[in-house]
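Letters A, B, C, D, E, F and G mark the chains as written, and numbering starts fresh at 1 in each.
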Amino acid sequence: MEQSRPLDALNKARDKRVIVELKNQKQLIGKLKAFDIHINVALEDAEERVDGEIKRKLGEVFVRGDTIIMISPA
Amino acid sequence: MEQSRPLDALNKARDKRVIVELKNQKQLIGKLKAFDIHINVALEDAEERVDGEIKRKLGEVFVRGDTIIMISPA
Amino acid sequence: MEQSRPLDALNKARDKRVIVELKNQKQLIGKLKAFDIHINVALEDAEERVDGEIKRKLGEVFVRGDTIIMISPA
Amino acid sequence: MEQSRPLDALNKARDKRVIVELKNQKQLIGKLKAFDIHINVALEDAEERVDGEIKRKLGEVFVRGDTIIMISPA
Amino acid sequence: MEQSRPLDALNKARDKRVIVELKNQKQLIGKLKAFDIHINVALEDAEERVDGEIKRKLGEVFVRGDTIIMISPA
Amino acid sequence: MEQSRPLDALNKARDKRVIVELKNQKQLIGKLKAFDIHINVALEDAEERVDGEIKRKLGEVFVRGDTIIMISPA
Amino acid sequence: MEQSRPLDALNKARDKRVIVELKNQKQLIGKLKAFDIHINVALEDAEERVDGEIKRKLGEVFVRGDTIIMISPA
């Protein structure tokens, strides 16, 4: 049986809403549209949250992978 | 059906005004003219904003990819 | 006799609960489902702890390798 | 029609005066003589500015790419 | 005569107790079971020390190489 | 006509005295003996300056490229 | 005549006592036994100094290259 890889977890989250935790202590919440091996990510209907509060509506957003700590289901 | 990649999101934003969020807590706003796989970016008619206020007109600007957090429509 | 490699230690921890220590001083605890050579990691039934206290239930989470300090059995 | 790349923007700035914004919050201003794919840069008649004030005349200067945030016309 | 390489020093320390000094100012002490070219390290019977005091028993631990400053005999 | 590259600027400075500006806010001043594509640098008759004052005579010194901001004639 | 490279400077220091300046503001002093292209270094009879005072005897120590600022004769 083939072992799963970490990117499989991202693949399962495609088209679902995710929380993207950033190194600058902010969170982005949006629908995961795309990712690549650098963990660059494209979100749709995204918004920025700081301490649980919505700070900004972003719409479609590209996030550079090296600023990301983790990604989990919203 | 082919799955979309994060750079497709940037490609759609070409020649449109975008907000480029930098790691130093500043924002650049300008027309996205070009980008590459390092997320190096060239903007036109760009200006620098800090806390929502225009701080400087930059015109044409080259931004090194590793200083960028995210890019979204302006 | 072949010498062991560091990733063997991770392999032995597969499907077991681990503590993932992050550079931002938080800990993730969950079942190790997958990892790769960048030490990108996928956890299941994960929760975030700060100073020993559970702060958040995360469920399935993808963690970018470069944010990780160490991984040990929970 | 071929799409432009970010380094094209730098190429257009060759032999012109540019502002190089550094990660340490200083600015270098000088004539752009050369650059490479790492965004290593060589300037001529360069000076260092901090908060808009000239702090030092540098003459010819080599700048390591990974210290640069952005480059724009002076 | 062939010149020694830095990893030879690590190889000599295999199966011996070492002090692993981390960038976050903590120390790990344990038996060095494995390492690779990224200086990813696997320790056995490891414990975490802060300012010379044992803070936590870790058992078997995987340490990501880029968090390590130096490794010396315990 | 071939375009100049940033390392050409360093090459011209070979065997001349240069100021090497480091990311830790110190300066090294010495004769540039060698450099490579990582901008690792070897200086001769080097001294360390902090805020314009000589702090230490170093003699021959090897400097790791990723700690360097810029190099200019002394 | 072939031009010298920065690693030649390290090679000349082999088996001699060197000062290794670290990014965490500490110094290691010891006999340089080995180095590689990442500037990973192995020292013998090493000791750690902070502000010129010996803080710790380390004996044989492996130092990860990316923590090093510079290396000079002791």
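One rule holds in what follows: a residue touches a chain if its C-beta (ideal position, glycine included) is under 8 Å from a C-beta of that chain, and two chains touch if they have at least 3 such contacts.
Bear in mind the structure is a predicted one, so any value in this text is a computation, not a measurement.
Participant: If you check the contacts of chain B and chain D, which chains show up for both?
Facilitator: none
Participant: Between chain E and chain F, what is the gap in Å from one C-alpha centre to the other?
Facilitator: A distance of 33 Å separates the two centres.
Participant: Which residues of chain F are in contact with two or more other chains?
Facilitator: 66
Participant: Could you list all chains around the ring, opening with chain C and heading toward chain E first?
Facilitator: Start: chain C; next: chain E; complete ring order: C, E, G, F, D, B, A.
Participant: Enumerate the contact residues on chain D facing chain B in the complex.
Facilitator: 3-10, 12-13, 23, 25, 39, 65-66, 68-73
Participant: Would you pull the chain F residues touching chain G in the complex into a rising list?
Facilitator: Touch residues, chain F against chain G: 14, 22, 24, 28, 33-36, 40-42, 46, 58-64, 66-67.
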